[in-house]
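For reference, the structure discussed in these notes is given below.
Chain lettering (A, B, C and D) follows the sequence in which the chains are written, and residue indices restart at 1 in each chain.
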Amino acid sequence: MSINSEYKPKIVAFCCNWCSYAGADLAGSNRLAYPENVKIIRVPCSCRVNPMFILRAFQRGADGVILCGCHPGDCHYTSGNYYTRRRMALLFSMLEYLGIEKERTRVEWVSAAEGAKFAATMNDFTQTVAALGENKRLEDLRCKR
Amino acid sequence: MHNKNDNVRSEIIRRSGVNPVKCMRCGKCTATCPAFDTMEYHPHQFVYMVESGDIEPLMNSNSLYQCLTCFACVDRCPRGVEPAKLVEAVRLEVIRKQGANHMKPDSIPAMVEEDLPQQAIVSALRKYHK
Amino acid sequence: MQKITRENLINKAIELLDNGTVSRVLGWKIGEFAYDVTPAVFTTKEDLQKDFIFDDFCNANFSKYLIAETRKAEEKVLVFLKPCDTYSFNQLLTEHRFSREKVYAVGIPCEGMLDIGKIKALAGEGIIDVIPGEGSITVKNLYEEEKTLAYGDVLTERCLSCKSKKHVVYDELMGEEGDVIDSNRFDEVEKIEKMSADERFAFWQSQLSKCIRCNACRDICPACTCEKCVFDNPKSSVNNKAISDSFEEKMFHIIRAFHVAGRCTDCGECSRVCPQGIPLHLLNRKFIKDINSFYGDYQAGQEEGSRAPLINYTFDDLEPGEAVGRGV
Amino acid sequence: MQRIGVFVCWCGSNIAGTVDVKAVAEALRSEPGVVFSTDYQYMCSQAGQEIIKEAIKEHKLTGVVVCSCSPRMHEATFRKTAQAAGLNPYMVEIANIREQCSWIHKDMETGTQKAIILGRAAVAKVNLNAPLIPGQTPVTKRALVIGGGIAGIQTALDIAEAGFPVDIVEKKPTIGGKMAQIDKTFPTLDCAACILTPKMVDVAQNENIRIFSYSEVQEVKGFVGNFNVKIKKKARFVKEDVCTGCGICTEKCPQKKVPNEFNLGMDNRRAVYIPFAQAVPKVATIDADYCTMLKTGKCGLCAKVCTAGAIDYTQKDEIIEEQYGAIVAATGFNPISLDKFDEYAYNQSKDVITSLEFERLTNAAGPTAGKLLRPSDGKHPHTIVFVQCVGSRCAACADKGKEYCSKICCMYTAKHAMLTRDKYPDTDVYVFYIDVRTPGKNFDEFYRRAVEEYGVHYIKGMVGKVSPQGDKLMVQASDLLANKQLHIEADLVVLAAAIEPDKSARSIATMLTASMDTNDFFTEAHPKLRPVESPTAGVFLSGTCQGPKDIPETVSQASAAAAKVIGLLAKDKLTSNPCVAHADELMCNGCSSCANVCPYGAISYIDKEFRMPNRTTAIRRVASVNPAVCQGCGACTVACPSGAMDLNGFESAQIIAEVDAICR
């Protein structure tokens, strides 16, 4: 990337297969643009996302991590996102306690029908993270190129 | 229609803490009301009129002062709407309108009765005198 | 109240060994110096009389040792448990880590244990003996000097914020039962929460960067009882023996705290054993504080079989977005 | 090391328009493990699939990455392609470069760069893929239906018709359920007994159906295709196979003061009883709470009069263990308790009754032999007030009512009102309603007939208070359209009480590991597309246990559940999705965290012997995932602190590899 180009944060988005990944597909089908910085990783359910994956992403230079799942009550597996909600509430609170900007992490519930919400969420999240600048506090120095 | 008197409407909703949209129009409040016969507007109408912002007629109606605040409507409402609190909020709206004066010190001597506690008169004056 | 002494415990152990209730005794063994007490397994009357000790340095929580010890033989193991140890004991029972039938648990009272680090800081090196007194201790050193220190100044950090003097489980209790204490143990966490993000980051960066990845915290922790830790498992992709970068130790400690979140009984062993003096318990305690405020008070180990908050939920739990930025 | 082939699809101009597909193919060629990389206009076409097949054979590929549209679109297609070429289908990964790249980006450079990164992540994942083989489990070809109401009866009959054995477990002494208590059915007004009892007889005579009446499910173990169920047959102190149902004991029993639950306590029965004339099985039952013989050891009259010698005072509860392939919950409903609705005076006056009590009062086999008489004085009521939504749609009274609409009350009240006016034209009938809800075939017509032809007074409003005064009931109500408050002197008030799931449903759901909503209705696997299945595989839902329903709806759902059961039992073996969790025994702590979060109850624990240092061994508790039950959500993998639990197809290492590839 050239030096002149504007700063583009790296964003990792974990999406559950049944709601949010389908919501992302719908955003695509409707040609609703969101920044290319967002890269989606498909997981069966938001509850598959281990806090370790999120920390790993930060360690390897991600500037923001967002986790999308079915709305509470709509989980394909009935209860997965309820566990996600608790796990992420505690993890995010801990990251904040360690002095990491709370805007770098987010959980958003996006249904398969909410293509527009998916795109809007990604736009907003990217902007928020871009405003924070590079993630210096959680990066693994080895991986700098 | 819902825009009519919007400021007053939202002020009354805020003051009463009642959400009139929760009303499913069953009429159990009106069925329960012991002061029904003396009222021009009945509890369910109160709720609907506040919801639709049609508050002016309520403020001008004597019904406001016929409500006994017995809270039967609040107790019975299946949706937790609490009509009596709306009535009270509209009453306060009337009171807070400048110049409105429902009780004058001069009229008190005529009210004094043996059965009526003095405290009731004092608190009524506090509330209804501007 | 009659004070429970070393002799009381030895007699109890011998009685249980003699009548065949137990075949092994988990107890504290006297060390070279008064303060270096180590955990040990005793099997004979003679060993007990010679080496068993019960004093103000009997910090070690034996709960975790039971996992390995109960696997070794069919007969029961005798274990002495201080009030805080009983919470760990219960939590391990909840997680089916050992069989209750294979343990004979004797609850013993605890008035707080001493921190040799603090004593050395106040009395200097070369300590050869520490003699307990009323509300104070007398320290003797190589140079035949004596120094008297107040108890409150030399108690371990965890005992200063002791949460309970009540045993939640035992087969037999020696001495009198105490109460659960309102200990203000979250004050320190709150202090950090009130700092600015930069200050918090600086605080933790300075603390965690001291970590040498000796794994003492993990090895002592009665909740960290995994047969194999993820950080030792090459298949986990996060295994690492040494610290290789500025984030590695944060990753380790966040994940470690997360893995014990809802299971940590706040026994404070992690901070006690840390050779670098990192206040690791403040990570665990942050999780406990959050759990209490998000999902209602929960004390791990208080009740056997209770469902830990992270393997539970309600339909109207707060959203992760609401969990952050509270009162900071 | 894998040998990976990368196939970049143009999707016509859909992808190629904003992604330089050749550059993507070129860039991915240098990724670790990639030995072949190409692009083609339509990879999903016959020709495209041939390219993949040939490449697999020619380059001895062990993994395939297709950069194309969403995996939700063509993952299955490309897996089949790989399988046709001899590759394990689970060695295929898709990089979604259409929906998540070309379609949302306008700039060629941006699109190409992102497509390369997405491809890289897919390659990183395939490098760690392992062949997966779907598991197979046998199916026990027998079904269990819990509950013997119309729902259970219909489900059992349909399954039995298809040739599979079915057992019905009913906690009451007879099957029939609530429908047996109903007099007439809307909107056709045929008598409930006339259409129900023949079905009950069908059940009794069907060789494929066994009825365990007066029995309860005690324990359920196992999983889809292989449930192991313990059924407790409660002692009825009458030998079922000997009793002829002659009823002589029920006439001779001296204990006459037992409230008759079939008539909702409006009359009495004996301590030994047959609930109603058409009961199935037609066998007497001794009520141990009231029988003098069982309580004091003195009496024994029924045994003396029984010519068949069926009475057995020493009978004990019996546990029956049976294997099933599928289980249907048909646990039904009950009207809610009206104890807390003081305003309707239900507990103060005998003449304030529920609609179900009204059914018994008008039923020819009921306490009044079908004559509509007041329970208090046996007089004919001249003014009857029906109140709708008693406890239904009650959002503010969670402690006494239900927030949902009970769905059936509007129609049965119209029926009651109409029938009353038909039989007793001298009666004034008032119905107070909030809304009249009649969505159903011939339903609205029925309601309108009640108003237009039978002269029922439908009043939009609610009853606020019922107060007994003398032998009258003063009803104070609102008439919202007239803006009036009404005061009616009524003789009888009928309350349309909300309905709720049977109390036993909660414990049955727990045994089945089936989920429930906050109202204790069973949750369906999908509210629209899988309405008769529970999320727990092999458990199906029939009737009101899933939500309020009338009879036609219940019967349709019952048959639908039966169709699903038949579909399952028709299979000899079940093939399961191989993307399921698995535990590494060496690392497992046996702590139960995983089992606690598993929504399907797929995880159990076994004690296993492990070798320890110094040539000793130790028994350790370890988790074992049943691949036939696991649906692959992965909740357990995060609950597991040691990382012993992992998920096929979405292994932690694979996801971390994707993260690393994206952040590279």
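Definition applied: a contact is a pair of C-beta atoms (placed from the backbone, for glycine too) under 8 Å apart; a residue touches a chain by one contact, two chains touch by 3 or more.
As the structure is a computational prediction, the values presented were derived from the model and not from experiment.
K.L.:
I want to compare two interfaces, A-D and B-D. Which one has more contacting C-beta pairs?
P.N.:
Taking the two pairs in turn, the one with more contacts turns out to be A-D.
K.L.:
Distance between chain A and chain C based on Cα centroids, please, to the nearest Å.
P.N.:
Distance between chain centres, rounded to whole Å: 37 Å.
K.L.:
So what's the Cα centroid distance for chain C and chain D, whole Å?
P.N.:
Chain centroid spacing, chain C to chain D, equals 47 Å.
K.L.:
Mark out which residues of chain A touch at least two other chains, giving numbers and ranges.
P.N.:
51-52, 56, 79, 83, 87
K.L.:
Multi-chain contacts only, two chains or more: what residues does chain D have there?
P.N.:
597, 639, 652, 656
K.L.:
Can you tell me which residues of chain B touch two or more of the remaining chains?
P.N.:
Within chain B, no residue touches at least two other chains.
K.L.:
Run through the chains and report each pair that touches.
P.N.:
Result for touching pairs of chains: A-C, A-D, B-D, C-D.
K.L.:
Spell out the residues on chain A that touch chain C in their complex, using ranges where they run on.
P.N.:
The touching residues are 51-52, 55-56, 58-59, 72-73, 79, 82-83, 85-102, 105-107, 137-142.
K.L.:
Looking at the complex, which residues from chain C come into contact with chain D?
P.N.:
Contacts found on chain C: 71-72, 95-97, 225-230, 233, 235-238, 259-260, 307-308, 310-312, 315.
K.L.:
Which residues of chain D touch chain A in their complex?
P.N.:
Contact set of chain D toward chain A: 70-72, 96, 98-101, 103-106, 110-111, 113-114, 117-118, 121, 515, 523, 535, 579, 597, 599, 631-635, 637-639, 647, 650, 652, 655-656, 658-660, 662-664.
K.L.:
Tell me, which parts of chain A touch chain D in their complex?
P.N.:
Residues in contact with chain D: 10, 12, 17, 21-22, 24-25, 27-29, 31-34, 36, 39-45, 47-53, 56-57, 60-62, 76-80, 83, 87, 119, 143.
K.L.:
In their shared complex, at which residues does chain D touch chain B?
P.N.:
By the definition above, chain D touches chain B via 343, 389, 393-397, 401, 434, 460-465, 476-480, 483, 485.
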